[in-house]
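Pasting the structures in now, so scroll down.
Consider the two complexes below, in which chain A is the common component and chain B and chain C are the respective partners.
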Partner chain A sequence: MGEIKQIKNLKEFSTSVERFQGGHRLCPGCSHSIIVREIVNATEDDLCISTATGCLEVCSTIYPFTSWDVSWIHIGFENAAAAISGTEAMHKALARKKKGYSDKPMKFIAFAGDGGTYDIGFQSLSGAVERGHDFMYVCLDNEGYMNTGGQRSSSTPVGGATTTSPAGRVSYGEKMQKKDMTAIMAAHRCQYVAQVAPSSWKDLVKKAQKAYQTPGATYINAMSPCPTEWKFDPSMSMEVSKVMVDSCVCPLYEIEYDPQTHNYKYTVNYEPKNKLPVKEYMALQGRFKHLFKPEFSHVIDQWQRDIDAQWDYIRRRQDAGV
Partner chain B sequence: MAKQHRVVWDGNMAASQAMRQAQIDVVAAYPITPSTPIVQNYSQFVADGEVEGEFVMVESEHSAMSACVGAAAGGGRVATATSSQGYALMVEVIYQASGMRLPIVMNVVNRALAAPLNIHGDHSDMYLGRDAGWINLVANNPQEAYDLCLCAFKIAEDMRVRLPVAVNQDGFLVSHTAEVGEHLEDADAYGFVGDYTAHNPMLDPAKPVTYGAQTEGEWHYEHKMRQNYALVNAVPVVEEVLKAYSQLSGRDYAPVECYQTEDADELIICMGSVVGTTTMTVDRLRKAGRKVGMVAIRLWRPFPKEALAAAIKNAKSIAVLDRSCPMGTTGALYNETAAVMVENDKSANLINYIYGLGGRDTTTEHLEGIFDDAAECTKAGKRVKPIIQTINLRGKSLSFYE
Partner chain C sequence: MTEEHLLKGWEEFEAGALLFSFEGDPSQRKFHENNSIHHSVADWRVLKPVFNEELCIHCQFCWVFCPDTSIIPKDKKFGEIDYVHCKGCGICSDVCPTNPKSLVMFANQTPIEEALRNWPAKDEKKKENSDG
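What follows is the complex of A and B.
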């Protein structure tokens, strides 16, 4: 792996050339745009990007406008990985034939929501990663199909109320556990897999740079607080993100796979000094409001146990070095 | 004319060799009967170092076409192959390919669509993609599968066209039937296809491009109609390319091909491998003094309306053969023919035959029967047969729209 580039400071970030321009139509407070901007501005290399159907796509390329100052393609909801695998293959082919458009390094990224990743795009992602295309896949994980009005996905956490797993007189909302996509992608033997949150931007940029420099496919699960469907005030996005990290609902960690030794190295990148109770995270969001009724308090208790167990598991993997 | 080499190839090998000669930059594909040998042959070319481009063995046809779109937008020559269920799985993305005006070439080895599952030839898959905005050529034997595949690259990549092209061939009857044929030398074949002309390549960092934007009410209609304009106006380019190819190879092709039509009272209009059988039937009946002829549709989309109008102008009775179940109406080729007749104030007795589903045999005897039906109509001076009939269907014979 090459040397990690210097991370820009906040000032440099705010004055660097924008590759993802403002003027898009994402909701106020949407975390997708923050994550995307941090990722595309984390490298000076040329970029080719694919994006799955979803909030980011519909809001950034409404003809005749585009927010993208790099080459970008959207085909469908379930094929962002397959699409970029084709572009990356073309890059390789033209380079081999000495017919490339540029000699400078080119990086490839696929962005997709959790619907486009955990659900409908799962197969295409699995295939592209298995084939070893050199690209970074970034899941913008807002735990539901937000572009179409907040339906559940297999990333929606237990107890979350969505428009297809609503809370009601007899239901506390989503019943199924959130899929552990990061572990699934590590099991694909991606050499680099990480989870990030937009509020921890230095960590995010560092991980993006690591992913850019890792050969083959890499996966980043970017948790993306959604004011519209998680139901909090748009000004609170980064606050929600911080509490999400400090309660260990979104542990910041990475998994590096060594193809020589077949070892998985877990690293926890951030240990909260004061681990907050999940209740505090849930209380910030309307989608969990119903859980605070006495009859559903067991769901919150279960959440705490699950989050603790997950946090413990990741740290045990780190400590064991496997 | 260029030097040619004699070979025995089936339709799959013919298409594979044309793909090899075109020096494709990216092939992304997934195997399915009966087009699997194309994917296998190409894998062997790669294994033997005969292909310099990338070969991406994806995990589904949906991803195959998605990777083709990503690759073509990247800025280079792209092709694939599929059949039937694989084609059906691609459908979402074949609309994207044409909507983004990407010159992808696809060999479609035609096969029935399930249920019930059937691996044999019919045109259900070709008809499924009828409105997808691709240029569709039909190859009726292995030689044509080779020739038209080379032409397809030149048509697709022409700056006046920039649309994807499907080259259809009948499953098994063409794809797995070895015949003597001729092929060009590699240099001549590539020389004909020519170098790829880049147009808005994603991979050029000097000029970033956005592919696949969203257009709602304000623009969608304009985009689709301009796309259709490009497709309809591709007919003369197809003709031009076929003519240039004929000068090189000595083999003539046209969007609509006429056989003994000038003085024919009865015509069969058809496409695919049945064209060969119909030619033989015409020969046989001509020997017996019957005035019959055949019109073969080589270009299924864009539909060559003018050429068809000219081809049928003298006919008294016309039998149209569709190799796909029309499911609730008349066959698609019949409908096209009926429209061309109305548009040209042409009257003739028009009948439709649904034949060959799931690989059911259609022989010269069956085709003679169709010419007999048509002759009966000619004699009566009106249509005396049901609008749709079947050929070689077991059990009670069925007809529709009496």
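What follows is the complex of A and C.
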């Protein structure tokens, strides 16, 4: 296990040698690259990364260029976790069998969008976690298939207008509840599961380092505001992310599982001083514009109740220590 | 990147390789010819960020939140803006905490001297908001 990189403040962090280069073709203001930079720069160990098909893979490796300064592998949409678990097993086996093979600590990360995690990549993720490979899985959750023009996924929240759940006179958009992936991964007995947002960089870096240090599979759900399909100005990405955290739409929390005692430990890492109403979060985005019509106001009220209940649930689990 | 290089077939590229962490002096760093750092996305830009040295407090918020690695820090301070990879999204200007901002978006064709002359004045409204 490598040493933890000391990152106390941004000035110290800014001396990192960049491992994800510019020149990629992600949309201006995309949060994906912000999250990726914060995660890959949080360690100095060698990294091996697999990426599922999605915005990040498509935009960072356009022929003949690559933006990655780390070992990188891509296979398919559904098997980012399978690819990284195979790579990790190979690394372990070679280190054991072959003399002269690098015995430096190596960290394994899988990046996938919410399509590659919640829907298509779920079986390979579930299998890789169950087999207990030592890797970190990062879901860049932008709540839809944004790479192909914004179709709904099982991560799209209620009321969101997408091209396959359009809002109009009859429908208010997406009707299904968002899947609680963080809880599902905790139920897999991952030793470390966390939810992060790019605007809270310190929290993100800390959680990434914790995940690097935890043996076994770890899962990080990173909410990633998407200017193109959430329909807001590119410069507002971090603003949206901040409001998302302050309105508890994306509560920053972590779940640690102790395999000895079978105990779950919830920790809320950030409690907003002034909890904002979800209305403010929705007002920033064009995909919720139609909900402000009087006939759809019940959706916003329902949202507020759901978010409050979820926030209350996490805090109750924290207080109970189970 | 030469044209000849772009016409390479898939079988002529390097086979999979292990890339180790970079160690040494970052200013002496050399990149592979296939690294996207050699690709310019400057033509995406409509607005460009202009940096005002006098107002900067070197907090590095712009560095950490830049999606395109276009803020290049130097010795824990603001170094320079990389206009080859900047897409002009405006996040750096949005997260800048100083008042008036030390990074402001101007039209891409504005010369930097002219932009510095037309710097916006201190925003009084911001103060009222933070009180209330």
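As a convention for this text, the second predicted complex is superposed on the first by the 309 of 322 C-alpha atoms of A that agree within 3 Å, B and C clash if a C-alpha of one lies under 4 Å from a C-alpha of the other, contacts with A are read in each partner's own complex, and residues count from 1 in each chain.
Assume contacts are C-beta pairs under 8 Å (C-beta built on N, C-alpha and C of every residue); 3 or more make two chains touch, one makes a residue touch a chain.
Computed from a prediction, not measured in an experiment: that's the story for all the values here.
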Now for A:W201: first (chain B), second (chain C), both, or neither, which partner does it touch? second
By the touch definition at the top of the document, which applies to A:H74: first (chain B), second (chain C), both, or neither? first
Return first, second, both or neither, reflecting whether A:S235 touches chain B, chain C, both chains, or no partner chain. second
Partner chain(s) touched by A:S33 [first = chain B, second = chain C, both, neither]: second
Applying the touch criterion given at the start, work out whether A:T261 contacts chain B, chain C, both or neither, answering first, second, both or neither. neither
Contacts of A:G86 with chain B and chain C, given as first, second, both or neither: first
Determine, under the contact definition given at the top, whether A:Q6 touches first (chain B), second (chain C), both, or neither. neither
A:N274 contacts which: chain B (first), chain C (second), both, neither? neither
When the two structures are overlaid on chain A, which partner does A:H24 contact: first (chain B), second (chain C), both, or neither? second
In chain A, both chain B and chain C touch residues 46, 48, 62, 64, 66, 68-73, 102, 104
Enumerate the contact residues on chain C facing chain A in the complex. 1, 5-6, 8, 13, 16-22, 26, 29, 31, 34-41, 44, 58-61, 63-70, 73, 76, 82, 84-91, 93-95, 105
Chain B to chain A touching residues, read off their complex: 25-26, 28, 52-54, 56-60, 62-64, 66-76, 78, 92-93, 96, 198, 201-206, 208-216, 219
Chain A contacts chain B in the complex at 46, 48, 50, 57-58, 61-64, 66, 68-76, 78-79, 81-94, 96-97, 99-102, 104, 106, 123-124, 126-128, 130-131
Report the residues of chain A in contact with chain C in the complex, numbered from low to high. 10-15, 17-26, 28-34, 37-38, 44-48, 60, 62, 64-73, 102, 104, 198-199, 201, 227, 233-239
